[in-house]
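Notes follow the structure.
Letters are used for the chains, namely A, B, C and D, taken in the order the chains are written, and counting of residues starts over at 1 for each.
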Amino acid sequence: MNFLSDTTAPAHPAILDALGRANEGFAPSYGADPVSARVKAQLCELFETDLDVVFTTSGTASNALALSVLCPPDAMVLCHDEAHIHRDERGAPEFFTKGGKLLPLHGDHAKISPDSLADALKQWPNDFVHATPPAVLSLSQLNESGCAYSLDELDALIRPAKAHELHIHMDGARFSNALATLGCSPAEMTWKAGVDILSLGATKNGAMASEAVLLFPDMQDRLPRLLANQKRAGLMLPKMRYVSAQMGAWLEDELWLDLARKANAAAKRLSDGLAALEGAELVHPTHGNEVFIRLEDSLAARLRDAGAGFYSWPDGSARFVASWCTTEADISAVLEAAR
Amino acid sequence: MNFLSDTTAPAHPAILDALGRANEGFAPSYGADPVSARVKAQLCELFETDLDVVFTTSGTASNALALSVLCPPDAMVLCHDEAHIHRDERGAPEFFTKGGKLLPLHGDHAKISPDSLADALKQWPNDFVHATPPAVLSLSQLNESGCAYSLDELDALIRPAKAHELHIHMDGARFSNALATLGCSPAEMTWKAGVDILSLGATKNGAMASEAVLLFPDMQDRLPRLLANQKRAGLMLPKMRYVSAQMGAWLEDELWLDLARKANAAAKRLSDGLAALEGAELVHPTHGNEVFIRLEDSLAARLRDAGAGFYSWPDGSARFVASWCTTEADISAVLEAAR
Amino acid sequence: MNFLSDTTAPAHPAILDALGRANEGFAPSYGADPVSARVKAQLCELFETDLDVVFTTSGTASNALALSVLCPPDAMVLCHDEAHIHRDERGAPEFFTKGGKLLPLHGDHAKISPDSLADALKQWPNDFVHATPPAVLSLSQLNESGCAYSLDELDALIRPAKAHELHIHMDGARFSNALATLGCSPAEMTWKAGVDILSLGATKNGAMASEAVLLFPDMQDRLPRLLANQKRAGLMLPKMRYVSAQMGAWLEDELWLDLARKANAAAKRLSDGLAALEGAELVHPTHGNEVFIRLEDSLAARLRDAGAGFYSWPDGSARFVASWCTTEADISAVLEAAR
Amino acid sequence: MNFLSDTTAPAHPAILDALGRANEGFAPSYGADPVSARVKAQLCELFETDLDVVFTTSGTASNALALSVLCPPDAMVLCHDEAHIHRDERGAPEFFTKGGKLLPLHGDHAKISPDSLADALKQWPNDFVHATPPAVLSLSQLNESGCAYSLDELDALIRPAKAHELHIHMDGARFSNALATLGCSPAEMTWKAGVDILSLGATKNGAMASEAVLLFPDMQDRLPRLLANQKRAGLMLPKMRYVSAQMGAWLEDELWLDLARKANAAAKRLSDGLAALEGAELVHPTHGNEVFIRLEDSLAARLRDAGAGFYSWPDGSARFVASWCTTEADISAVLEAAR
């Protein structure tokens, strides 16, 4: 009954198998191997477009690399006040942009509100030498409160941002969970919606360590700079095939969506079950694999006593994260303990 | 007959097995897992001292992180002109130190000569506000010409550097190869010789992606800063157990030394065999798993025609790198083709 | 009738005289000259303490240098959302701290409210490797809305900040204007209140280009790093005597206070006169030499037609800045035009 | 008899007069004033081309700003091992380029030899992701050994550098001294020779603090970035008219050349006089206002006893710097003491 984080879960067996298959004979270093080329082709097909990809081993690395080619050192990234890049990456974006700013915006459920964006765009001009110009809008999908932006909500932010010549970054550490919820295509949730660069994460949903930065067509001319930054940050692994192989297996035969659906369903069942109880109140809607719920002390204690692992969130709620390997029995046990 | 680089080789089966064993159930994230703790204990035992360790997935990451806690932004790292940190890391040390300088020193066979070091220490004062002060001496062991510093040679550099209050970094991307050659203990080649921080690499000698930064006792107070920098650089993997598990298996039962001895022996046989031929001349002594040899064009062509993969080095020589999986048959085939 | 900014005003004649006096014969470079030493002694006497000083030629330089020795690259400065360091320095603090963050706090009249500070200190821990720790509280005195913190208000912010081990920076670009208003001593408004480093500005109040960073006793061990950063930023002028000489003249015989009192009085008369009119409403109290007032369009137009220069502020108000050379006649003319 | 440095000299009276004239009434801030516009026009005329200019108050600032728009963070500046940017600016170029490298080249008399340049261009490719690409060639004119490159010597370096797509920076801290020696036009020594950006210094030759970064036509599109970097570095002075006014006076009626000729002539007389003595040997030819000469200990002592101020240079020689205010009597007194 470990709901601490999806990063505490083990890897799916298919990932390990893929490592075994990749471990045959010699292969070119630093990403020039055939496995990586194959996974790039998979991504092009799944996202229905030409694209470039750089594989990494952490979501923070992906986000920071993406921002490093989108935000000049004297410019600014707009993001939600709760954004992982703002709160949980120890300043990685500031480091990789070499001094860029992050401007925290606001809105319920960790979704940037169009008003907050409009206000920032009005207050921060992009042609005044004294003021830091906004250069990027970064959106988390699934976001830090476990919510997904609808396609309309994405449009209501991306359209005005693009009108001010901002680029759009999507932090997709839990991209597959959002995709499973929205039921749209990967293309619809990204480049067709105006996203320029996507951080795509497999680690939280079944991989050991496999993430990717996807450059959609308008950004492909930034690949050389991205590669230089990847090398310069120690993120260009000598034997890259073992990173891309994980992602290949994860994308194959819809495994990524199957695992996301499973985790989402577990979270939904947990969310519904807990929210129905006295002394429990959902803080955010449950769109993916995370449940944020305010629990009376006695209820929280009862759950912990029963062996349920979850975090006390800074806002006073409890966060439960379901993963690809959360079982029906786990959920039942928690709900039973709760009643 | 692939001698392009030890990073083109696959991983040893024991590494894959270790990943399987580590992939059981839930585990704390970001390096707080029991696997990582166990490997730290292994390292303490092998290096005969208390130490702190941060696991990474590339040698460039290890070097850059190590230098990030040794060299202030307005100071300088002394290294050989051929050093990997100077030539092959796209400025990672400059990035991680946030603007530190690297001063190239000289000496045969990629070994810094004591005279070159003395000259630099004389020319660059450490108390003049206009000049960048030397803060670190970085030594590669095995070095970029495939040579190992003897313990006496290390002492002849480390002693004067320490007298000028420099810290000592060792780039041990091929540490096990040097260790196998010198036949000394890990402790003798590092902290007993005055090394403050070691970049220890397993990737080139049998792992998929497993490297470590070792802080010897005098440096342990720098761990918090090192961890912050690791996080900030996107190098703190969520599921770190899979990185440390590789190193654990590699260190177990002397596997690291066995593989290094095997690669070194293969390189030595190749080196001796080629050097005995007309039209071939060794450029550097073969202390580890790398052979640098000048080949007449016809000889080089013959080898390539026979399917031998090797790089033309900038100095005009050919570089052959043996790895843990280079076979006797590979060497025989090359030598046969050469004759 | 130029009220655009105090930086559009010329220098006071005493400043030019001081330059003439400093221009005698040879003098050591880079701040080691006797003029600079004498001005340092003046500052020690006026601030009633030992201190170290570095002279600069812009307020942005002073602020950025101060923060460069207070905020590590992976840490954070807390400041008001309207702070000059956040809004008007094109990311200078981020550049000089090499990637530090600025967290915007809130409160009326550009004064940080104790609640906003408390909230930030609660939300941002200083011992969690994933989160950027707060390291500095920066306060502008006079602030960006032309208001002065009272000594009690300073205490209500500095005390909790220090309890969380933050250092305190004061942006004193208009320090003399605040001092004239509060009527306290320089010491009471700075180190006695807990301020660690002060950016002291003379440029806006009569100098050509003369600013200083003052390190109060607890910070004096940071002088070598501050000097290195000053040199490294191109801010260590070869002939520093001409910068310090300006400040010396400015501090002599209470000239700084006389000029501040004059500018403040002009602003107060303008503020009172305008606020008494139909169609005008003060936005902030007038504590120093700046007036922020909302003007009906017809009134604003009338003033501009009469030749009054002032800026339309982003919040919709009009900003009038009085300077040391604003005359009674200027004020009368504006008020006459307004009526 | 102060020959320590041209930065120890006072300012020429014309400079002080110009400050007085500039100190009339209100003027727009941050360089938008009419004085600055007028000086820009002077520069265009003197350099016979359209150009953009940013005024600064130190040579280090000019060099660092220039390099900040020429060298990306992951690229490299080629310069002489003795270059001021490498030896004497505490890593300012590394700071402003955000981690760029400086590669020291070699050649007699602080002039880069064409062979050394060719070797570097061969060793450091500009299209290999692992290696830092050369982006800029920086040349000091007058250089750090007091020597001027002839126009042919400039061409022999600039031509191959441009063929490798490098940009050319000229450090002209003593530009006027070199110009006076070569007797060519400012245009011939800069953009007609292929120089992209010039750091032009007046401070060492009669100003208080006045330097400029000149962007020649091909670089004018980099002005917005240069201005942003200037602001961000605290180098955009609020009352810029006082900096540009100095340069205006300095350029007027050939004052810059008159002063340079005077200083050069003084140095030449000193150089010839000393070199004719027993126990004295010129180390470098005297092309400008600096004399580097090896003196027997007794001779050096005799000079010091007579009150001559000069520096002992790291290479064992004595450095004498003449300035615009060095008198015939000073030189005579030194030579008399020497005999």
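Brief remarks on what is shown
Assume a residue touches a chain if its C-beta (ideal position, glycine included) is under 8 Å from a C-beta of that chain, and two chains touch if they have at least 3 such contacts.
Because the structure is a prediction, the values reported are computed rather than measured.
Any chain that touches subunit A and also touches subunit B is listed here: C, D. Residues touching across the subunit C-subunit D interface largely coincide between the two copies, over half of the numbers being common to both.
Here the spacing of subunit A and subunit D, counted between their Cα centres, is 51 Å. The mean-CA centres of subunit C and subunit D are about 34 angstrom from one another, to the nearest whole unit.
Centroids of subunit B and subunit D (each the mean of its C-alpha atoms) stand 42 Å apart.
The set of subunit A residues that touch two or more partner chains comprises 30, 73-74, 89-91, 95, 98-99, 129-130, 228, 231-232, 236. Of all the residues in subunit A, the ones that touch subunit D in their complex are 30, 73-74, 98-99, 129-130, 224, 227-229, 231-232, 236. On subunit B, the positions that touch subunit D within their shared complex are 73-74, 76, 87-91, 94-95, 98-102, 104, 123, 129-132, 314. Those residues of subunit D whose C-beta lies close enough to touch subunit C in the complex are 2, 4-5, 7-11, 16, 19-20, 23-30, 56-65, 89-92, 95-96, 203-204, 208-209, 228, 231-239, 242-243.
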